[in-house]
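Heads up, the thing below is written out as structure tokens.
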């Protein structure tokens, strides 16, 4: 049964050089609008849920363009505030082979989202209308005001019985000036205390949460199976999920998803696939997990669905997953297919 | 020695989303005009023959654009009728990796070709001017009027000593409403009775013609070698040819052509290659077979030429093969080459 | 105060050759989705109202693309049905100077909208949720099923106290085969009997409604002032509005709007302006009138607002008006301005 | 009744910067293929005649592209020779307002056309198949070999009873190094001796032919009416035609055509129009005159048709006229029109 | 004789929606890099001078792209510092007719230029290498650090005998928060005290400098002739120059330049022209004045040259003038011309 | 420490069909400017050196565009002469899989570079300002004048103590008419007599220099190790370097670089990589070797750096390498990386 979900997060403008030219070679950009919350809510609305973004956009042509784009993605924008002056942006140059893709950010600190005054969001009311709300660790890196808002909203959701979903994603470059892991940790822990469903893997446990392996294990898989249950217990998490990704010699990626639920690990197959657009694919996996949790799938099915959704997101242009539930199920069931007529 | 050839068939407008975006993401389409007959005749005129399309286009800017495009491909359009109001169309979204390409059709039933009144084509005269005429099973799916025209034209060609070429291609979605294989079969059989050169494989023999294996064999290869000679005998076919295609794990396709002529099978090598544009590549193989038949190549050479032509067609943008005879011969002779200066 | 409004009508795909090339010269199309109802509801949602489209789209990638595009325009698509197979389309080649723009239609009769089964729309319920619903005469030209739906829906709106808005637009080419004005007239009259706000001018009165001038007047302005009050009385119309347009020698257009309300005519200034995109601009004028009616503007203000909205729509790419209420008001207040920073 | 016509001339590649950028600003070019002969024959085939180009193209991908493009324009390319190595090219930067458009040529002297060996064209046979053949003065500027071919072909056409059409066009930059008017004159006179229909105006008579006004008149119109009859008599010309063009302050052009036939001048109206693509529009006027001559129009109708064809050619992208006879007639009959549906 | 010149100012990224779509309609941007200093120095290097930009760019792909673009414009970038993280940006939506173009800025305060640490530029050394340095009032609006740098650099130029050029340009939106004219005035006055050549008109004198008319005159022309000499005397200015611009009904602009030098006013003709790209055209006028000053033109010639340069800049795509001295002189000498071959 | 370097060579315009269409299918070209000298100097200026091109460009919009493009690449164009009329060009159609890319040249013999009068370059002065100058064997194929200039310039560099770098590249098609290897050899030998650093492999030794294997060896590697030391001794070369390239079945290329210096061979790893843009990648390897030589890298490091630079150049759009020294070092140190943020 479709649920009503929301994400709290910033909308960013993605400005991508077409083809494989560098910014210093081209004169054209394709633009779209994304963000972790955007990606997750768009994917969930493709899966049939009613999805809102809780954010703030400037009341100017850039804000209008962003709102129009989000509506196109199927996101209900009626709860997005308008105010402030700027939009965060990033420029993307596509790599090729050994040459990696490059992302260059503009200044996000002055964005409408990151300069929202305290109290401007009606969190209490919004929390009451949602079955689940998604938060992302990247948002925690912004500033004190945003952190306060995020914790307040998550608290309201928890209080009113909604599901709090937290993605433990940590972007080192964003915290650098303010002190790194040590500074960030209490904020992550505050969110984990409120969360029901969390995305992380053993690296996050080690670095962001500062956990250590009692057993001295070093293999990723072993560490995962030691640390995730410990984290789930420490913070009272119902569900923890995440992926292991490898870049293969021939340029393809391999991806394996896991879910830890009710004290038990389930894993997807190791999926191997060529990559068209890497950015945002992690959010597709997260959306698949959330969909499984909202729909009450068995964990095995949830993680298989999420991994297939993640794989499909690599085949689609743009940050934002575009696959319907039927398309994800078809990708789970079938291999490579010829033209679909 | 160059021959004069024609194809009877519909011209469709191909509307392709550039790059890898979906129709719901993009705002731009590249358009061209194709169809089995278009592809075959264009390829044959690249190989040096004089080629006509026998078809009907609307007398409006879309019809003008289609006719201009066919001329550009080297097709003589002076026998194409103008009348009716519409053109069949299809939209193409390129897939990537596990995500298949998608084709979405517009309504073809009301097209100029499919609404041509009885008697509007001067088939008797045209048949007398041609060394060979190509027909396609897809055309049989349209409606009674088109089927009547097709059989009348093929009959005239046969009567006047021309070569009747028939591609047994069957598109299930087009027959669905009118009864499927059972309904279609007599129409295919009527064409086979008139045909000299036929494109089909064991699947067509089983499903379209309703043949069964006397030996209970199940391997494609074994079935092919049992059923094709039986079909050739039943319908009095001089030449039968076709391909087996596989999709490999790494995204490449493999293709092997066969020709059955004078009671003997010849096979091409199994060609393995990456794919740039899949659609229409089957018509390139057919054109290669027809070229070999018209030029009197030995069957071994004909099927090798056809397979190379088919492989090259996968490397070219658009439905329509663009390789000259020299380029096909070079592809047969050489492997991968560096830049050609 | 924002109202809840809907339009009943077909969504068409617009496929436009970029620049000034002909279809026979180019290979690229820009596509968007429009229709009278789309244009009116999009404009009204720009003016702050909540707007729905009541229509039917195919459940395929074209339907997905259309729905995404409508959402981008600010239209609520949650009441649009999915079913049927096709979308109506039109191709647009831009003219230049003495060379007029050309529109070429594909077959609309088989579209999802025009093949909707009787009873598939929940008109009674929808009518109860709307303050006003817009209908267009072009829709009347489609077929009996569509005409039945349209009258049923308009009847439900009237019965439940909503405002019935009817645009008397008559497209001769669409009625040709079925009998022209004589055949169409009773259907227009049925809608006029139900309507509160109507768009028409003296040409519609003469030709569509078959009215004649008692006074033998021949000037457009005189005829307008004679025939519109007569029509308003005959059909019990609260408000009638429309425009007179002229093409000037230097390529600019002039436009003057009128509104007849409470037995009194009000006129806008004669606006003169260069034209960037002509198609759909009439719907912008209509939207301005509807906005004035919904907001209770004085008729003088309503018609000035509508004319400015119509003028602005000629400056915007695409069929669909993009101006906010503030932008229309600014265009009413000011002349040509330099860059806006 | 449709005639069979040919033009003898070079095919050039046009490489145009899109929009209004300079070559030093952009990185993209649109290309097409044109030339006086291409433009005239394409226009005549649009008017219903069967048209050939007699030329020579390199046997490489550029030559293939040129041939494909000419076929698209409706030109029969079966008499075009393949050989040599190069194609003449020109780059076009669009001007705006006071900033004029700029044309930059590549080296034409080494082109396939300009290096054709003597005797390579079967002029005698071709001349016998044509009702009329078009030659252009620009071709005379190339080199001795081309001049010999041109005179030989024109002589064969005259001998075999075909119509010799000669455009007196003189491009100063092309003759500079070899001696200017004095050097060029005998070649122009040789062609005029063979010609039936000639395009020129009083400037050509003064400068190219070195004629002088006996009366000392200085007005263009007076000079025209004095010098053209004198030239017609001196060279035995059946028909002489040409235009006077002015650039208006507001950027529009005005154009008036004349025809001198059977000792009598006829003039078109002075047409005033905005300009989309200036290059090649003179060839559209010439095509209109030729069409009138071939069809036996009265001179008044011929010159009006030609002027309208010339005007329409300014509204179309590319060098080559795209209007059908019906479109020219409509432009003669009507003024500015709204969208054509 | 060519001089060595520099400008001190920010480089901004211009992101323009192609054609006439809004940001909410399109998905593509064309980008370039500009700024008052960029425009002036690029124009001067087109006129033959050696030109440097004194600025600061981020050491990332955006900074690389900006530097490459400036080099392409002919600017010597070897004195540009690399550091900081961001680039100022603005988005441009092209207007049409009554719909004005819109500029939307991103946050400039955090740009590399506006966050340059004190003392990072080697102003003393650079000042000694330059014949003239250009400064712009817009730069004054940034922050205290930038203002300090600007005054220090101008002081060094003056001390070492270079020409100080100051453009009195005032952008109200940039000062708003910090106090408007009253806050800005002392900074403008400090620059005027150092300046030799100043760009301003009577509006700047009234508003920015707070001057008043002793005579109570109200006509622009009268005010100009009263206030400019007073300002020149008050601040010890050798040359003051500027323009009056009007927008005409038909969309064209009119422009008249003035120069006040040695106590005497000279005026250009009133130039009337259509506009292709408005932004940056004022900088072209300034460049023309500076060129005249550097070359020792008579004031009449200087102002005529500057006005023609300004007019031409409206015909060129992008902010930055592209005309050579020869092209400006040709525009001064001639009217509209046909294609230049 | 950065050095001052130059290359002597022609600038060519590259006109590339976007995507994978043929010239006969598309209507659009992307253009840029390149040449061996352009590529080498651009790469060296990316590595931090000051780089000049010594060449000649036409004084027209094409020459302006070329100069602007070279500046953008970081090349100092102040020593480029302007004169002559034409620019050499080549058209590039991208291959796919088995279909090779095709290059079609325009006539270069009449280019500004190839028609430069004797004595027009101030070689003596320029040679004195350079630490090293690069020459390419392709230039030797042009004509006697160019060969004289090249030898004179190299002689001056040698005399004045600069490093003479010579790329032994031999393009058969360019020499054909003038006699092939036998005719070319003395010119290559003259350059080798002057050279310090030479690019060649065993094929060049065998064919261009006519060397033979004393040992009768046939393996490439064995031949290389026999012939290169012999050539180094014969011509007195300090450094010889080059590559062996293979095309793998899956479309990837493998590349191994060697350097022979001080009587000792060093080799890079065999690098295997997918190819985005093949043309010009050899020049990137050469630039890496030159950089190592100029900076005094150990030979092992030089050849590893050069091979990585060559590999990276295959991943970049256009002929010209775009990698900085830091990016090459990163490619040497790391394998495939995920997105760089």
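Each chain gets a letter, A, B, C, D, E and F, in the order it is written, and its residues are counted from 1.
We take it that a residue touches a chain if its C-beta (ideal position, glycine included) is under 8 Å from a C-beta of that chain, and two chains touch if they have at least 3 such contacts.
In this text, all values refer to a predicted model and were calculated from it rather than measured experimentally.
Student: Where does the A-F interface recur among B-D, E-F or C-E, taking recurrence as more than half of the contact pairs being identical by residue number?
Tutor: More than half of its contact pairs match A-F, so it is C-E.
Student: Quick one: point me to the chain whose Cα centre is farthest from that of chain C.
Tutor: If we average the C-alpha coordinates per chain, F ends up farthest from chain C.
Student: Starting from the mean Cα coordinates of chain D and chain E, work out the distance between those two points in Å.
Tutor: 47
Student: Taking each chain's centre as its mean C-alpha position, how far apart are chain D and chain F in Å?
Tutor: 45
Student: From the mean C-alpha coordinate of chain C to that of chain F, what's the distance rounded to whole Å?
Tutor: Going by mean C-alpha positions, chain C sits 63 Å from chain F.
Student: Among the residues of chain F, which are close enough to touch at least two other chains?
Tutor: 22, 24, 27, 68-69, 72, 102, 250
Student: Contact residues on chain E for chain C in the complex?
Tutor: Touching chain C from chain E are residues 19-22, 24-25, 95-103, 105, 171, 173, 245, 247, 249-251, 278-279.
Student: In their complex, what parts of chain F are in touch with chain A?
Tutor: Touch residues, chain F against chain A: 72, 250, 273-276, 311-312, 314-318, 322, 327, 331, 335-341.
Student: Could you please specify the touching residues of chain E with respect to chain F in the complex?
Tutor: It is residues 68-69, 71-74 of chain E that touch chain F.
Student: Applying the document's contact rule, which stretches of chain C touch chain B when the two form their complex?
Tutor: 15, 22-24, 27-32, 60-62, 64-65, 67-68, 85-87, 89, 91, 93, 102, 104, 106-107, 109-110
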